[in-house]
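These are the structures in question, set out in turn.
What follows is a pair of complexes built around chain A, which joins chain B in one and chain C in the other.
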Partner chain A sequence: MRFDRRYIFLAIAVAVAVPMLFPIGLPVAVTDETRQVYDRIENLAPGDVVMFSFDHEASSLPEVRPLAEAVLTHCFRRGVKVIGLALFAEGAAVGYDILKDVGEREDKTYGEDYLYLGYRPQYSAAILGMGESIAEVFPADYDQTPYEELPLGQRVKSYADIELVVSVADGSLPTYWVEYAQARYGQRIVAALTAVMVTAYNPYLEAGQLDGILGGLKGAAEYEKLLGQPAAGTRGMDAQSLAHLTIAILIILGNIIAFARWRRGKSGKEGDA
Partner chain B sequence: MSEIGVWITALTTLAIYSFLYRDNPFYKAAEYLLIGLTVGYSLVISVKTVLWPGLVLPLVGGDLAKIIPLVLGGLMIIRLVPKLTVWSRIPLAVIVGAGAGVSIPAMLKARILQQMGATVGHVASLNGIIMLVGVIATVMYFYFSREQKGILQPVAKIGTWYMMIFFGATFGYTVMSRVSLLIGRMEFLLGDWLHLLGG
Partner chain C sequence: MRTRLPVIICGVFGVFMAAQYFITAEPVTAMYRAVLDWMQIIFVCALLVGILNVILRQLKSAARPGPDRVYAGIALFGIALMVVLGFGWGIGRGSAFLWVFNNVQAPMQTTVFSLLAFYVASAAYRGFRARHFESALLIAAALIILLGRVPIGEMISSHVPAVVSWVLNVPAVAAKRAILIGIGLGMTATAIKVIAGLERAYLGSRTR
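What follows is the complex of A and B.
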């Protein structure tokens, strides 16, 4: 007998929808990795500059937007200046949208407290180039205002003036930040990643090539807890936990059924002999 | 987002998810729409933020150095004419040569030397020992110059266990990631579209 896998899709949909309609409020435990990123931002001085690189596609927004918003909010509350850019074309408008939203919500002034440079292709060349001169790589911001006419642009010439880079990514871009900005210019880097990428970047964290990793919606929920401001990450945690529980139960059931079939097949063969 | 925008987003989301039931024309239409929009969007962004301010405006302003990337780019497009394909090898050679020159030393330092340093640099701790054993055992699993017999066999077996743990952890994170995407869509459908969520 074949089990129709559409029942599994339905079970997952129910497991996600029900806790959204009727929130349970399951607790969120903060991991050391998230606290490490939080402390890194907390220890920045007002006036320090953090570069946010939106290195992702639009399809991963449900995961990366809560991450970016949480860290950006923290930066603005600490009085840290932010320079945004995108190394994926798809991330260009998304990054602008996120930065503008959080900047306006935190009552920050464009050009003085934050600015957005837009998109550059050839990420390795762009990352390397900014080590020498940001104005050479981005002569103008996203709205085509010359970089050096913006107050923040006049202050920040290269990585030497940037305390930290946060790569908000759903792919391999943080690796290039490590290779070209960290290894070559000693630039400190934090990766805010989709959960699927976390295991790939743990070796860089262990080796000290990354200052921290924030992973997925769970990472955003933990960061929101540390900030004391529940938002999209926290809202999704009940659904995430229940969906994981459903999947774990399905995996156990699937293995029990597979084991029972294997036993039945084995005893059938012994009977034939 | 405007009301009509919310409706378009909701209907295309449902069209994509309808594939879970079975393949159908609504799914196909939404899929083609996504591909077309992605290509169109990337093209517009590239022209607006790269080609126009970085190539066209400087050329018009008299920056003759920009003729070099213009010619190289043109030679790349010439690929589309079968008889002239050979000319596209020039920009390809520039890209490969420059790319290799830039990336090889950087990769060697960041992915091999720094990683090796970190692997042997923490052997004073239990975590460091576990990591070192894992690296050696996994590398031994991929050592194909000798048959995996004798001492190589148990070491490679340990490497297999390490990899299984890695695959398990990666699968767990993948599930988490995909569920997060579903949560994002569900939050939109139940909240922004149907207004069923409080707050």
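What follows is the complex of A and C.
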């Protein structure tokens, strides 16, 4: 039996689109990994500084934006100051937009409560350079205001003044944060990752080189639950659940068909004999 | 000289960057900061070469008759548009540059990326076959992770998330850690060979 793969595409499209249009509201249980990140932010004192690095491309935006928004919202509600930057060129505009959106929603003042530095090329040099002096790596912010003229910029000189770095990433950038900022300057780091990258960073978490990992849309949904504010992550969970279920059914179906073919072939040969 | 000079520069700076990690004297720190600045300057120059290369290739494609002509034209138009919008009206909030990025580039990229879901589903149906014990084990692990990483797993059984957590934190971490140690040793060996001038592939094929 030949199965037209367009039916598979249709099944996935239905599994993703229907829950988006008609939410089911599947319950989300919070995992220890997400609670670890939540507690790390919760234990920061008002006035502490967290650096958000938007280390991803626009293609992964639907997955990383809910993650970044959830953690940023938590930081602002705790009274934590935020410095944003991007080590991927595409992350520059994305990060600016997210930071401004959440900052304005939480009624925070640019320059005092948060600021955005924009993009710097050559991430290893940029990460190492900020350990010496942030103003040398970023002489001005994204809007071209000199870094040291901004109230937050006057306070934060290097990693010594930063409590935590959150790398919002879809690739290998958290590795560089660990290798250069954590190993050399002892900077504490949390990685907010696309789900597919989580396994790659578990060894760093186990070794204590990362303070926490927040993974994928599920991580965002769990964080939103802890915040008591369902948003994009929670909305995406129904679609992701049904898409995963569809793929699981397809795998089982594929094996049943293959097994039936194998049985038919075997009985055919026995009949011939 | 074309080979010797880059090898000497690489060797000297390689030794310096390794040594400065252990030396806190001010002249060494100042030199280290200068090296970090130069790393960024060199990278920006490489970036400019890359941009020029893309433009030249697209211009060549646009000049040649054929179906690629249209795509090359669109690419060149896109590059020119973003440069004009960025330099002309800025890149801040409410700018045309940011509007095009958020409403054209980002949706296009996410659309292409989301096509993966369809191909992954099709490939999973056709490729995941329990032909022997090992592949059956792989399928079982895949099914548990697939369902356990979403709320449906919790609805099937409260043990599913615990099993997923064990798979991700024990066997997967063990395998990943072994790979990372291998990569680390390989990188160290390659770095030593580059500093010593034994590895010259980075100089290009004509200088090997």
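Simple rule for what comes next: the second predicted complex is superposed on the first by the 263 of 273 C-alpha atoms of A that agree within 3 Å, B and C clash if a C-alpha of one lies under 4 Å from a C-alpha of the other, contacts with A are read in each partner's own complex, and residues count from 1 in each chain.
Everything that follows uses one rule, which is that contacts are C-beta pairs under 8 Å (C-beta built on N, C-alpha and C of every residue); 3 or more make two chains touch, one makes a residue touch a chain.
Owing to the predicted nature of the structure, the values given are computational and were not obtained by experimental measurement.
Colleague: Is A:A126 in contact with chain B, with chain C, with both, or with neither (first, second, both, neither)?
Modeller: second
Colleague: May I ask you to decide whether A:A11 touches chain B, chain C, both, or neither, giving the answer as first, second, both or neither?
Modeller: Only chain C; A:A11 stays clear of chain B.
Colleague: A:L253 in the overlay: touching chain B, chain C, both, or neither? Say first, second, both or neither.
Modeller: A:L253 contacts chain C only, not chain B.
Colleague: Go through the superposed model and pick first if A:D143 touches only chain B, second if only chain C, both, or neither.
Modeller: A:D143: touches chain C, not chain B.
Colleague: Does the superposition put A:V30 against chain B (first), chain C (second), both, or neither?
Modeller: Neither partner.
Colleague: Return first, second, both or neither, reflecting whether A:G208 touches chain B, chain C, both chains, or no partner chain.
Modeller: first
Colleague: Does chain B (first) or chain C (second) touch A:Q240, or do both, or does neither?
Modeller: Both partners.
Colleague: State whether A:L61 touches chain B only (first), chain C only (second), both chains, or neither.
Modeller: Both partners.
Colleague: Looking at the overlay, does A:Y96 come into contact with chain B only (first), chain C only (second), both, or neither?
Modeller: The second partner, chain C, only.
Colleague: Across the two complexes, find the residues of chain A that touch chain B and also touch chain C.
Modeller: 9, 12-13, 16, 59-62, 93, 120-121, 124-125, 128, 142, 184, 195, 198-200, 203, 206, 216, 218, 240, 243-244, 247
Colleague: Of all residues in chain B, which touch chain A in the complex?
Modeller: Contact set of chain B toward chain A: 20-21, 38, 41-42, 45-46, 49-50, 53-54, 99, 102-103, 106-107, 109-111, 114-115, 117-119, 122, 131, 166, 169-170, 173-187, 190, 196-197, 199.
Colleague: Taking the touch rule as given, give the residues of chain A at its contact with chain B in the complex, in rising order.
Modeller: Where chain A meets chain B, its residues are 6, 9, 12-13, 16-17, 20-21, 59-63, 89-90, 92-93, 118-121, 124-125, 128, 139-140, 142, 144, 175, 178-180, 182-184, 194-200, 203, 206-209, 215-218, 232, 235-236, 239-240, 243-244, 247.
Colleague: Flag every residue of chain C that touches chain A in the complex, lowest number first.
Modeller: 21, 29, 32-33, 36-37, 39-40, 42-44, 47, 91-93, 97-98, 101-102, 105-106, 109-110, 112-114, 117-118, 120-122, 124-126, 128-130, 139, 142-143, 146-147, 149-152, 154-155, 161, 165, 168-169, 172-173, 176-177, 180
Colleague: Could you list, by residue number, the parts of chain A that touch chain C in their complex?
Modeller: Spelled out, the residues of chain A in touch with chain C are 3, 5, 8-9, 11-13, 16, 26-29, 31-32, 57-62, 93-94, 96-97, 100, 120-122, 124-126, 128-129, 132-133, 136-137, 142-143, 184, 195, 198-200, 202-203, 206, 216, 218, 237, 240-241, 243-248, 250-255, 258.
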